[in-house]
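Presented below are the structures under discussion, each in the form of structure tokens.
Shared between the two complexes below is chain A, which has chain B as its partner in the first and chain C in the second.
== the complex of A and B ==
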């Protein structure tokens, strides 16, 4: 079978495949998935998501268990969205005694019913400095959210969270407006900083805060010596109550990033394992049929043994005992699941073997290898494409099952691993649906994609099954 | 000769089972011996603690001597090849030793007792749901085959493909979230309430616990059953005797469920048994989600507690179940399709 034949065969196949609507849908989803994998760095909202998935510090600025942003579209109260604010203005002023105060002014338009969970300031600094973060409210009042001094910084990063320092200031602010009896039984540790800072200043604001909507200004001031001290790249992160396309989990990780990062592993595992194991199975079947006799008997016996081993249980025990890496898991899957296509291929090869052109090839002096690879394999491999596609979902589910048990490769993010964390984080009990539905749904969608492709190919390659 | 065919098939199955266990003994030899050694150490230590009025040297000497004795008893001092054979013989005779952490309900540490306690619960869940799958699947498959390419056929085939790669345990998670924690209709875990009710209420209680797992399994699986049955039946409906039966004016339902079903029986049995074995294998995760205390859940717990003896025993028993399944499959097939047993080849 040369290249021209192959092109002809493919053309033939494609004209038939085009008529299968479900096959085309499958192809489209697969193409989209491949595109997502290729452009993953552009799509990921958190660039380091894949590498830092288990690094808690990487995710510290997010809010835990935040639902997806689009839940604001549902009826009910709107929640503040997570996001980063860049400074609108920067100004420098010299204070007495040679000190310089650099002030960044941030604008935050707050139009939600429920306030953000935190306001976090980040900047890089060198030297000895004092920092202040002040919130100026639309009603003209202002709250000093936090204040800190740092010494001996060498281009170090500063992180100031409003909730960590702002309790006393908020308590003082509350005292001005709340009725005295209520304030009397409160202490500053009862304060929910953002609830108070973003509420209308009036009596009852502690128990039933009403959102004060409007344009807030956040001022960050850094005071240090002119010349020696340096500050740069200041930004504010609003840790909202809703976050990202798919929300966050209880460790504040952005689930959309995790799911996008998990796609390539699902594709790799599914495609690689099914490709290699089906090719091995096809070659095994052809060789057994071609040589026949004792070789056939021995090979069939080995096939029979491997085929009788339950794959998932042995995978689980193997992973529990040896704690393997992803590549080892992949090879173990191949070792125990190449048997799927052996029997059909063998029976087909037994027929082909008796054809006259094989006899002719042998009479012309072709060796075994030439007959197997040139005359038999090219005829039989196309038939295995359908079973290749149909076995992909099984392998994806196998790997997810392992990861769900906590036995997956700990260095990568897979959908199964996300679901494992969801189980550990009691997502079912707490109704954190955005943590459970997307990863499993994607496993199901990948399964559906390959089922569409496989069934369409099956129909074309095995015409007997066509609807008559 | 069906009898010879059966005997041959069973012997064959036993040989394959023995070979698989041998391979597993080699693969997991290191970890098995490690667990044995640590359990010996633990036993020696606890025995030494019970000794009273002895000098320290005497205790150390006792420990050393006792340790050697036990190592010899468990044949851990033999060469590698011999050790594997002993481990293999242990596994073949279902002597898996004592669990390191897990206990059976009666507090038994014996691995076999723990596993045998779990086995019937798995069987209960999976055979019931398989019966349901077959009932729904056969009915739907027949209906599909009657009008291939029709509206019903096309739409249900589409659903078959949509649920093709859907993990049962994921659907289980969703249903638990909705029906257990959301609507509070079903219990979250287990097979009976604590404390278990008596008499007839106990059966009602078990059924109540079983509804959700059973529904999950059935809802996902019967589409595939229907799809396969459609393909089998579609082939049979082309046969001449079906046409002649229809020509004779036999009611369509009788043709479908009488004439066609008999011919479709052998592949149907194969498929349903293979399906049962398949779902049994996938059940490891599934049972864990529902905390259904069967064999699958046992894997889950043993993995979490890293209880190696239980894990090994569970694996051996699962393999045995698979072998029994394959044997039953071939025997029924031979029984239903006379051509097989005459040939005598398995």
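== the complex of A and C ==
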């Protein structure tokens, strides 16, 4: 088949395919999925999500179990959104004794009902420095959230969280406004830093804080020796109560990133396993049918054995004994699932084998390989495509079930692995629905996509199925 | 002509050729009782001379196509020998079979089915060249294809090379099928009813073409047909087959003008002729019934249940062998003198 024939064939196929609505839907979803995979680095909110999925430090600045951002659209109280703030202004001032104070000024417009869970400052520094983080409230009052000194830094990273250092300052702030009886029975360890820092300063602010909306300013000051000490890349992370498109899990991981990073594995596993196993199955069926006799009988015997081995128990045992990796899981799936198309192909090949042109080719002196590859296999290609598309969802679900059982590749993030973590994290009991529904739904949608494609192709390539 | 000349004159000799098929039996049936055997070809003897057109004639089910396939080595005979050009080819394999297939080629009955519908004419004709590694040069192969298409009078050849088989008429396809066999320069062609599926109007043309090719290239044909009228026109010698055996054999004119065996007679009578005034009448046949099943061949002369001249001796005595009636005319009827 040369290129022109292929183009002609494809044209024909496309004209027919366009009429299949479900096929078009499938194609659209698949195209979107492929685009997402291609542009994954641009789409990922956390660039290192795929590589650092199981690295707890990578996710430490997020809030745990935060619902998706769009839940703010639902009726009820609005929650602060997770985000990063870049400095609006940087200023330097020389103080007595040759020290320099570098001040970054951050602006944070707070317009929610529920305050963020934390304010976290990051910067890189060299030398011996003292840091301060101050919150200036819209009502003019300010709170010193944290203060720390570091020595001997060599371009080291500094992380200061308001909740870790700000309790005393908040307790002092609270004392000014709350009535003395209430304050009397509290200690600084009872303070919820952000609740107080973002509440209207009045009596009862500890028990029933009312959000003080408006523009907050966060000032970060680093004091060090001029010339020898350096500070740079300062930023503030607001760890909100809602986070990202799909929220976070109990280990603070951004689920949207996980799901985007898992898409390529779902596609890879589904497409690769179905491609290889269908090719093997088709060739197996053709060879059995073509040679017939004892070869056919032996091959069918092997087929029946492989076909009747339950794969899941084998994989469970295998994964328990060996360290499962993506490739071994893929190959085991192939080893046990190539049988899917054998019977259909064999029966089709038995029919093709009897065609006169096969006999004519033999009379011309064609060898077995030539007859199989030049005459028989091309006729079965359309069937193979349809059966590949139809078997993809099975493999995606299969890998997900394995991961759900905890038998997946621990080095990658797959949708099944996310579900497995959700199960371990009691997502159901804790009401963390955004941890379960999106991956589950996407597994179903991915399966549906390929089922749609497969059905549409099946209809076109097997005209007998046409209902019109 | 002495014996030595005669031997080299013969290109194909078939001796006591048999093909028995054993159909798949159920488990119980295979345990008890004798095996049911279908004797499709049951002891065939003939030889074809170099440059001759040898016709093998018979009803459907007489084993003529099976014989063709055995000669073509597409199926293996149960017993007997096939000698081609002095070489016993009954059980050759691999290289020798490949070499044999360069020298013996086959034209199939159905020109619609004998070409892969996905191949263009160029690819159809290129296939034998590729298989037998005739030429690695695509342009040279193209020239050979053009030459072969010219031989079968497909003009201009370039027009047809890019077409698919379904874009050609039945006659054109059979020409292409012939060209495909000629491209390897074979010595012998097995033509299995090459014109039976072609319109009556183009039959003569195809047969003319085949005859021209045969004369030009000095080919030998084994022409298999059920059609006596084309056989007489086309062949030099014919053999009439009935239930896997030859019942009459001889020069074409001799056999058709002076048939000896009752079966041949019946066949000749059955040929419809568009004679004025008789177009509407359907001929009354001397023989009745269907050809018996080759799984259950009648004892004695296998034609006796349908023979109008049959006597008890025909079924009671052993099967008659071919007998010489002179002028190279052979037959297998023991009562030929009485019924003549």
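Following the convention adopted for this analysis, the second predicted complex is superposed on the first by the 462 of 468 C-alpha atoms of A that agree within 3 Å, B and C clash if a C-alpha of one lies under 4 Å from a C-alpha of the other, contacts with A are read in each partner's own complex, and residues count from 1 in each chain.
In the analysis below, a contact is a pair of C-beta atoms (placed from the backbone, for glycine too) under 8 Å apart; a residue touches a chain by one contact, two chains touch by 3 or more.
Fair warning: this is a prediction, and the values are worked out from it, not measured in the lab.
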If chain A is used to align the two complexes, do chain B and chain C fit next to each other or clash?
fit
Is A:360 contacted by the first partner chain B, the second partner chain C, both or neither?
second
Partner touching more residues of chain A, whether chain B or chain C
B
First (chain B), second (chain C), both or neither: which does A:378 touch?
second
When the two structures are overlaid on chain A, which partner does A:312 contact: first (chain B), second (chain C), both, or neither?
first
Using the superposed model, measure off the angle between the directions from the CA centre of chain A to chain B and to chain C, in steps of 10°.
60
Output check: A:393 vs chain B and chain C. Expected answer is one of first, second, both, neither. What do you get?
first
Figure out whether A:64 sits in contact with chain B (first) or chain C (second), or with both, or with neither.
neither
Please indicate which partner A:320 is in contact with in the superposed arrangement: first for chain B, second for chain C, both, or neither.
first
Minimum CA distance, chain B versus chain C, superposed model, integer angstrom?
6
Interface residues of chain A shared by chain B and chain C, listed none
Given the complex with chain A, which residues does chain B contribute to the contact?
16-17, 19-20, 23-24, 27-28, 31, 148-149, 153, 157-158, 160-167, 169-171, 173-174, 176-177, 180-182, 231, 234-235, 238, 277, 281-282, 284-285, 288-289, 299-300, 302-304, 306, 308, 311-312, 314-315, 318-319, 322-323, 326
If you look only at chain C, which of its residues touch chain A in the complex?
69, 72, 74, 97-98, 101-102, 105-106, 108-110, 113-118, 127-128, 131-132, 177, 180, 184
Using the touch rule from the top, collect the residues of chain A that touch chain C in their complex.
1, 355-357, 359-367, 370, 374-375, 378-379
For the complex, give me every residue of chain A touching chain B.
22, 304-305, 308-314, 316-318, 320-321, 390, 392-394, 396-397, 400-401, 404-407, 419, 422-423, 427-429, 431, 433, 436-437, 440, 443-444, 446-448, 450-452, 455, 464-465, 467-468
